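Inspection log for the structure reproduced underneath, given as C-alpha cells.
Note that the chains are named A, B and C in the order they appear, and that numbering of residues resets to 1 at the start of each chain.
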Amino acid sequence: MMEANATAALSPAKRLTPRLAAWAALAVVACGLPFAVTGYHTFQLTMVLVYSIALLGLNMLTGYNGQISLGHGAFYALGAYTAAILMNSLNVPYWATLPASAAVCLVAGFLFGLPALRLEGLYLALATFALGVTMPPLLKYKHFDAITGGSQGIVIIKPDAPFGLPLTGDQWLYFFTLAIAVVLFVLARNLLRGRVGRALVAIRDHPIAAEAMGVNSSIYKSLTFGVSAMYTGIAGALGAIAVQFVAPDSFDIFLSISFLVGSVIGGISSIAGAVFGGVFIVFVPNIASQISKAAPWAIYGVFLIGFMYLMPGGVVAFLRVATAWARRCFRKAG
Amino acid sequence: MNIFWEQVGSGLVTGGIYASVALALVMIYQATHQVNFAQGEMAMFSTYLAWSMIHAGLPYWVAFALTVLISFIGGIVIERVIIRPVENAPVLSVVVVFIGLLVIFNSLAGWIYTYTLKSFPSPFPSQPLFGFRYVSPHGIGAIGVTLVVLVLLYAFFRFTPLGLAMRAAAQNPASARLVGIRVGWMLALGWGLAAAIGSVAGMMVAPIVYLDPNMMSGVLLYAFAAALLGGIDSPGGAVLGGFIVGVLENLVGAYVIGNDLKLSLALVLIVGVLIVKPAGLFGRALVTRV
Amino acid sequence: MAALLAASGLEASYGATQVLHGLSFSMEEGSITTLLGANGAGKTTTLRAVCGMVKTRGEIAFDGQRIDARGTEDIVRLGIAHVPDGRGTFVNLTTEENLRLGGYTRRDRHAVASDIERMYEYFPRLRERRKQQAGTLSGGEQQMLAIARALMLKPHLLLLDEPSFGLAPLIVGQIFDIMRTINQKERVAILLVEQNAAMALELADHAYLLETGRIVISGDAEAIRNDDSVRRSYLGY
C-alpha cells in the first residue's frame, strides 16, 4: 500500500523506467547467453525454457485453479511423441509439429478434465498419479510399436538454423524456444490477469460462491485442464526436438513428480515461478548428484520436504517477502 | 477352463496383497484424510531390509518378524518427525511431502541395493499342497498370511482398548482428546501399523515379481484402485476391493487387453469409481453443506 | 479453602479475534456455577479455555495447579471432564464403546466396568441402547451419553456446554435432575453454560453473567433469580 503511494508521487514515465530497464536487461541477458556459453549449456538453457513452459501449464492448473496433477508428464509425453511421430513417419517440419502437439494435448486434457472436474484435491491427485504411472506401459504397448518405436523410442534429427543464419543448431533451437516461450507467457499473463484468471481464482478459493455468481465452473475447470495440458504438450514437443530422442522410460512418473516439484518450488501461483522452477529442474539434479553420486533423488526428496517446511509459498513468495522487507528497511534508513 | 481358474487363483493371491496395502492406505486416510503416496516405497524398502537380513544368514521367519517390527517403529518415527510438522498444512504441501518420502525411499533402495533384480525367498514349500493346481504353494501361503494379518488387525481394533482409542481418535480427534487420548500418538501408531502391514505385503509379493526398487509402484496403483472401489473410509471395503481388483486384473489381462496393458485397468478403475460412485461400494457418501 | 478452579485475567482469541477480555472467576469444590449470557458472549470459549482447546493468556488454576499452558489430554487427566456443545459423541461407535472410552485413562478395569453399570442406573435408556451406534440415538439420549461418558472419567469438575440445546423440556428437566443428583452423590463440581437461564439459576449455587467476553454480574444464583431488574435487562424474562 505504502509503495503505491510513494510511487504515485512520481510521474508515469518515472514509474515505468525502472521496470522497463529491468525487462530490457533481462532481454539482453537472455539473447546474449547462448553466445557466451558452450553448446551443451545452451542446450540446458533451452531445456530451462522448455520446462518453464511445462510448469506454466501446471501452474495454471494447480496455482490458479486449485486442481492437483501428478500426471502432467503424460501430457508432456503426448506432445513429445506427437512431434516425434510426425517428424519421423510423415516428415513434417519441426515447427509444424507444435500446433499439432498443442491441438492433441488440448483435446486430451479437456477430455480427461471432463470427468476430472468432479474430483477434488486428493482424489484428483490419485487419478492423475494413475495417469502418470500408466504412461510408459501404454507407450511400450506391442501393438503400437510400428508408430511409437516401442521401447527403443524414436530418434529425431536436430534442425538447422533456417535462412542460412550464422547460428549453431543449439543456438537456433534456443532462440526458437525463447520466442515460443515469450509468446506463451504473454498469452498466459493476459489470460490469467483478466476475467478468466479472476474466474479461476474464484473457483479455487470459493467454488460454491463462484457457481452462485454464475461462473460456469465445470466448463472453466475442463478448459483449464485442456489449456494446461496444451502448454505442457507444446513443451513436450519442444523438448523432444531439443533432446532429439523420445523413449517411453523418459516419461515415467518421476517426470510428473519433477514437474510438481519445480512448480511448487518456483511458486504455484506465479508465472515468474515457472521460470524459477525450470531452472530448478534442469540444474538441481546435477547439483544433487554432485552431493551424492549414488542417490541424487534422495537428496532431491530431502530438499523437497525441507522446502515445504520452510517456504510453503515457493521461491517467488519468498522473494516477494524478502523484497518487501528490504524496501521497508531502505525507507526507514532514508 | 483351467486357465480361468488359474487366473482367478493367482488373482486372489495378488488380490490379498492389494487388500493389505489398500488397508494400510485406508487406515492412514481414516485418521488423517491424507493418502500416503509413499506407502508402496516404504513397503519395498522394508522388503529390502528383510532381504539383507536373510542374506546375512538369519532364518526366514526371524527376518520376517524383525522386518515387521522395524517397519512398525519406522512408521511411527516418520509420522512424528516428518509428517507432524505439516499436519495442518494445505493439501498440496502434504502431497509434496509424501512425494518427497516416495522419492527418498526409492532412491535409497536403488543406491544401497542397485537396480538389478533380486530373488526373494518364499517360506512356503515348493511342492503343491494336496496336488492343488490352481494356486502355487507360495500363493496359498501368501493368502494365508494376508488373512492372518487381517484377522489380527480386526481383532485389535474391535476388542482391545487401544484399538478402540485409535478408532475414536481417527473419527473425532477433538472428543478423543476430551477423554484423555493422546491423539498425536494414535496417529503415529496408525502409521506404524500401516508400515508393518506394508512390509508384510512387500515380503509376500517379492517372491512373485522379484525384488527391485520399482516393485511396488504397480501394486500401489492397484491398491489405490482397491481402496477407492471399496470406499476410501471403509477398511472392510478396502479388503474386499483388493481381492476384486486382483481377480479382475488377471481376468481382464488374460481375456481382454493382454498382460502389457493390465496397469491401465487400474487407471480406468480409479477414474471410473470416482465418477460413478466416489464413495465406493461401502464408503459413506460425503454430503457437503453449501 | 483454596478454590477448585480459579481463573485470573483470562483472555482468549480465535486467530486475530479476541473473545475473552480478562475474566476472573472461581469455583469451590462440589459447587454448581452457571455462566449465562447472550450468544457470542464467550461462554463456550470460557469452557474451551479451561480445557486447553483454545489459545489463552492469563492464569487458570485447578486444584492448586496451573493448567493454562497444558494440552487438553493432560488437563482431562487431572480431573476435568468436558461435555462440549454438540455433545461430541463418537457417532460411529456403540453406546457402550463410548462409555468405555470415558474410562480410557483409568487403570482399574473392574472399577471401569462397575462404573459403566452405575451409568446405566443413572440413565436406564442407555442400557437399552448399549449395542446401538451412538449416532442413531435421539438428541436427549446422546446428551445423556455425553454426560455419562464424561462422568466415567471420575472428574472433580464437570464442564457442561448447553445441555438443554435442542431438547424437549421434559428431557431437559430429567437431565437437570440427574445433574443435581450427580452433584450431591458424586461430589462433582459443575460449571454449567446455559441459554435456559431460568433452569440454570434454579440448579446453580453461583452465577456469572458474561457480556462480550467480560463478566458484568456475579453472585449468588438465588439472589440473581430474585432480582427482577437483572432478570429483565440481562436474561430477558
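Throughout what follows, a residue touches a chain if its C-beta (ideal position, glycine included) is under 8 Å from a C-beta of that chain, and two chains touch if they have at least 3 such contacts.
This is a predicted model, so every value here is computed, not measured.
**Q** Using only the chains other than subunit A, in their current positions, what clusters of touching chains do you get?
**A** Components, subunit A removed in thought: just one piece.
**Q** Using CA atom means as chain centres, which chain is nearest the centre of all the protein shown?
**A** Given all protein C-alpha atoms shown, the central chain works out to be B.
**Q** Could you find the two chains linked by the most C-beta contact pairs?
**A** Among the chain pairs, A-B has the highest number of C-beta contacts.
**Q** Among the chains, which is located farthest from subunit B on the basis of C-alpha centroids?
**A** Using the mean of the C-alpha atoms as each chain's centre, the farthest one from subunit B is C.
**Q** Using CA atom averages as chain centres, what separation in Å is found between subunit B and subunit C?
**A** Averaging C-alpha atoms per chain gives centres 43 Å apart.
**Q** Using CA atom averages as chain centres, what separation in Å is found between subunit A and subunit B?
**A** 33
**Q** What whole-Å value do you get for the distance between subunit A and subunit C if each is reduced to the mean of its CA atoms?
**A** Those two chain centres are 56 Å apart.
**Q** Please list all residues of subunit A that touch 2 or more other chains.
**A** none
**Q** Which parts of subunit C, given as residue numbers and ranges, touch two or more other chains?
**A** none
**Q** So in the complex, the part of subunit A that touches subunit B is made up of which residues?
**A** 62, 68, 70, 115-116, 118-119, 121-123, 125-127, 129-131, 133-134, 137-138, 140-142, 208, 253-254, 257, 260-261, 264, 268, 292, 294-298, 300-302, 304-305, 308-309, 312
**Q** Enumerate the contact residues on subunit C facing subunit B in the complex.
**A** The contact residues of subunit C facing subunit B are 51, 53, 71-73, 76-77, 81-82, 84, 88-93, 97, 100-102, 104-105, 149-150, 152-153.
**Q** Once bound in the complex, which stretches of subunit B touch subunit C?
**A** My answer: residues 161, 164-165, 167-168, 171-172, 174-183.
**Q** Show which residues of subunit B lie in contact with subunit A when the two form their complex.
**A** 33-35, 37, 82, 85-86, 89-93, 95-97, 99-104, 106-108, 110-111, 217-218, 221, 224-225, 228, 258, 260-261, 263-264, 266-267, 270-271, 274-275, 278, 290
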